[in-house]
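Same chain, two partners: chain A is paired with chain B first, then with chain C.
Up next is the complex of A and B:
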């Protein structure tokens, strides 16, 4: 297992190389660069060229990329063109808010969606099930940023219960967390419901009932334990999008996280800032995915034995080799 | 959840209970006039009609018939486990160890299932929960019914594994780590863990190879002697019936069409369908002989003819057979046949002529 995790983590390196190259290339091929946004009418050609040289933008793309990667592996992500801050230091001040928002959104999603999904499945075809289905469709069909704006208008502007934006109070997180959480909730609820329905029909539930297991335990132990496999999978995937991809919601709520910085950096062609933030965010998500896989193995024993068998095989072959030597 | 089971018709719930005298001595499982329907979108499937069975202590009843004849539905009804929806118990009574199981509340049923009556399911691949170890699954019923601690229950699970011929150190492995035959044995161990007084085995040996089959049958025989277990053996295999059963009931299209002791059904066969079953067996003494399969298929249980359901496939069938359902005719105290042809006192089937 440990070996497997390390292997997976090492695989992150080529992934990050690919990600950086795509971002780097895309931002450089967009036709404009950072200097274009600084040019004023009274500048001469020479001044502009000097400015390009100052930022290193006069060199060819590949050369700049190689230099960037070389520095990146030494732990230097460069400085933002725009505000001159060290990218790594800047990232550290912003990531906390993003993680916090993502986790809170994940909590909103999980706490609401999984119990509703279970109830909808157990009471399949009932009024509750239908209400859940309708809410699910609405949740899926509503764009996040629009829902965010509506929530601001209602709870912040009209009712004045919650702040419009920022993260000054403990309750500032409620609106953005609900904005992200509700969209995800629909997906999570549908997955949980489907997984439960599949398992509620399973033959092994009949076996459990025949043993005298109570109906409550048949649902909460035998069926739910199996339904958790896809449910947790989706929950973690959603959590990773909540943590990693909330740029729009962060913008709407002026949330001091990394998403907003990336959006701004891309629009200003601030290559080191955008690239650096994306690389760091991808690294976090990469680690998160390895963790997800490990958790999966814990939940689904069928995966675990896959690794155990590998180990057994190796032991067996080792033994055989020893025996052969002895003979 | 202290509510009653929903899928039972009110007349079943309101029927008066049988007295112990009416039930008879040593009767562990008593099913009378059981009728089970599956109702899907207005279609009514008569899965089981008017089935009456009795199994006494230490006796084994073979329940024979082709796929879809209603054997498994009868068995599930005996545990009050008819899938709801769409199953509905329309008529009849079922007594397990003297208790009317159809009138029990869920909490009471939980005490009966697994301990008084237990069932070996036919598909080992899907009957075990993939995310729990086999030990947990065997120990589960012991923990429920005998209140043993986790370690005690696991100890019992290991004993059960050894009894069914699986090394005890595999107790912490998961179902997918076992072969099909071993999974079947785990299913058997689950059903036997609490030494049930009534055991229903739904094709317990179909997934097993012949050597293991013999072991499993021996195991059931032992159990019967040790714990006085009453058994119903559901099978297609007449060889197993001859090997282990005391009585035989032959089902066709939801009804019992012939019933009697092993000797009566095998040697004094009355029903043309039973005869057809025997004719489809290979004959070891005449290896050149061709098998004589029963022509045609069982009628759609959602759309049964008004006469005898077997008439279309029966070589003895007359117009009278297609007119009305055959009545149950008692040839002896124990031997019943439901066949209209016996209205003619001289009627005799070919198999009996030879004998």
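Up next is the complex of A and C:
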């Protein structure tokens, strides 16, 4: 298991190399660079060239890329073209807000979706089940940022209970967290419901009922425990998306997190900033992913065989998990 | 006498067996009322998208402005109100179907054309090719799809064609892995083994026998892809990186409404509703297709 985790972490290196190269190549393809946005009319050609040299943009793409990678492995992610801040220091001031928002969104999803999913499964076919189904289908079809806008209109503009944007008060997090959280709710609720239904119909529960275990105990003690395996797995996967993919919600709510910086940096062609932030974010997600897999084994010990048996089987199961996540 | 009885007994079953494949499919699809309604909604939106230029005049009704009519709240004359340049929101939202729906369709088509063969071949051959392809999709998958979109649009420019490619890239991976999975299940079935035993070459075997049988699963995934492409396109447009202004794409309309959200919140309501209804209908249609195409659910 430890060997497997280390291998997974080492696999991050080619991923990060790929990510940085794609960014470098994409930025180069555009034909314009950061200096173009600084040029004013009264500048001479020499001044422009000097400025390019200052940012190191006069060298060819491959040379710049190799220099960047060399520095990256020494822990130096460079400085932002735009504000001159050290990328690592800047990242440290920003990541807190993103992690906080992701975590709060995870709390919202878990607290709302798991009980609803359980109730929907236990009262299968009831009004509550139908309401949950409709909510789930609508939730999947709603663009998340639009939901955010609607929440702003209702709670910030009409009712004036919560701030429109920013992160100045402790309650500023409520609206963005609900935006991401309710967006993920549909997926979480469906997974919980299916897992509970599968377990409630299982043979071992018929045995439990037959020997006289009360229905309440059947649900809470037997079915729920086993249904929690896929539920927790999805919850962790959603948490990683909440932390990793919140750029749009951050932009809607003007949240001072990482995602918004990356969006701005890419559009301004601030390569070190965009690259550095993406590399750090992908590393965090990669570590989180390995941690999730370890935690899954703790929850479901049967999975352990998957990691220690022959290689082929391991690859297949890993991919299956990924596909389940994508679906 | 006896022959008559015999025929009568046979008739109903013969009638049943005569139902064509398409008829059988429709019979099973129409069991799901929600999916049938969804199909008609999708057809209506598709029709609207195709005929948008016939119904409306782009220069006067869609982008032509009239400042005397600006920011009128929803009323009988303008059911969706008007925007800051006095343009009727109802017209703009309806015309926007042309962009959003077409972008969604072309994205899904692109994902299908590129992703399906790659995934099918990777699933059939396995080995190094499979590993390499899946590793590449892993790398792409580790970048949030919105950021891929931003990068591609920032690099290649602000055009609708580029936007379609930008949104399709993450989808290609998802379609490829779906078709890979489907092919991997079919690969080991007996009829494939027989085909190989009588000496059929690999490539025609995959395309002629494996892919048609895997197609059910893939078609459902592609239908769902249309909806998610519409959402991605509107997300990018919201950030100002989608279809260039003043085109009334739904995400762009939302982005315009964000600026006036404090005073004229109705501007953000209707374009989002349009996205939601379209994607909802597409998803319900996909669910219906999945149930109708799944041979395991056949009675």
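FYI, the second predicted complex is superposed on the first by the 302 of 327 C-alpha atoms of A that agree within 3 Å, B and C clash if a C-alpha of one lies under 4 Å from a C-alpha of the other, contacts with A are read in each partner's own complex, and residues count from 1 in each chain.
In this section, contacts are C-beta pairs under 8 Å (C-beta built on N, C-alpha and C of every residue); 3 or more make two chains touch, one makes a residue touch a chain.
Since the structure is predicted, the reported quantities are computational estimates derived from the model, not experimental observations.
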Overlay on chain A: chain C relative to chain B, clash or fit: fit
Which superposed partner A:248 touches (first chain B, second chain C, both, neither): second
Partner chain in contact with A:301 - chain B first, chain C second, else both or neither: first
First (chain B), second (chain C), both or neither touched by A:87: neither
Partner chain(s) touched by A:215 [first = chain B, second = chain C, both, neither]: first
Dominant contact partner of chain A by residue count, chain C or chain B: C
Which superposed partner A:206 touches (first chain B, second chain C, both, neither): first
Chain B versus chain C as contact partner of A:225, first or second or both or neither: first
CA minimum distance (chain B, chain C), superposed complexes, angstrom: 13
Chain A residues contacted in one complex by chain B, in the other by chain C: none
Chain A residues within the chain C interface of the complex: 14-15, 18-19, 22-23, 26-27, 29-30, 137-138, 140-143, 145-146, 149-150, 152-153, 157-158, 164, 244-245, 247-248, 251-252, 262-263, 266-267, 269, 278, 282, 285-286, 319-320, 322-323, 326
Chain C - residues contacting chain A, complex: 134-136, 138-139, 141-147, 150-152, 154-157, 174, 177-178, 181, 227, 231, 234-235, 238-239, 241, 251, 254, 257-258, 261-262, 265, 268-269, 272, 275-277, 279-280, 283-284
Complex contacts: residues of chain B adjacent to chain A: 1, 76, 79, 81, 83, 106-107, 109-115, 118-119, 121, 123, 126-133, 137, 140-141, 144-145, 173-174, 176-177, 187, 190-191
Interfacial residue positions of chain A with respect to chain B in the complex: 202-204, 206-216, 222, 225-226, 229, 299-302, 305
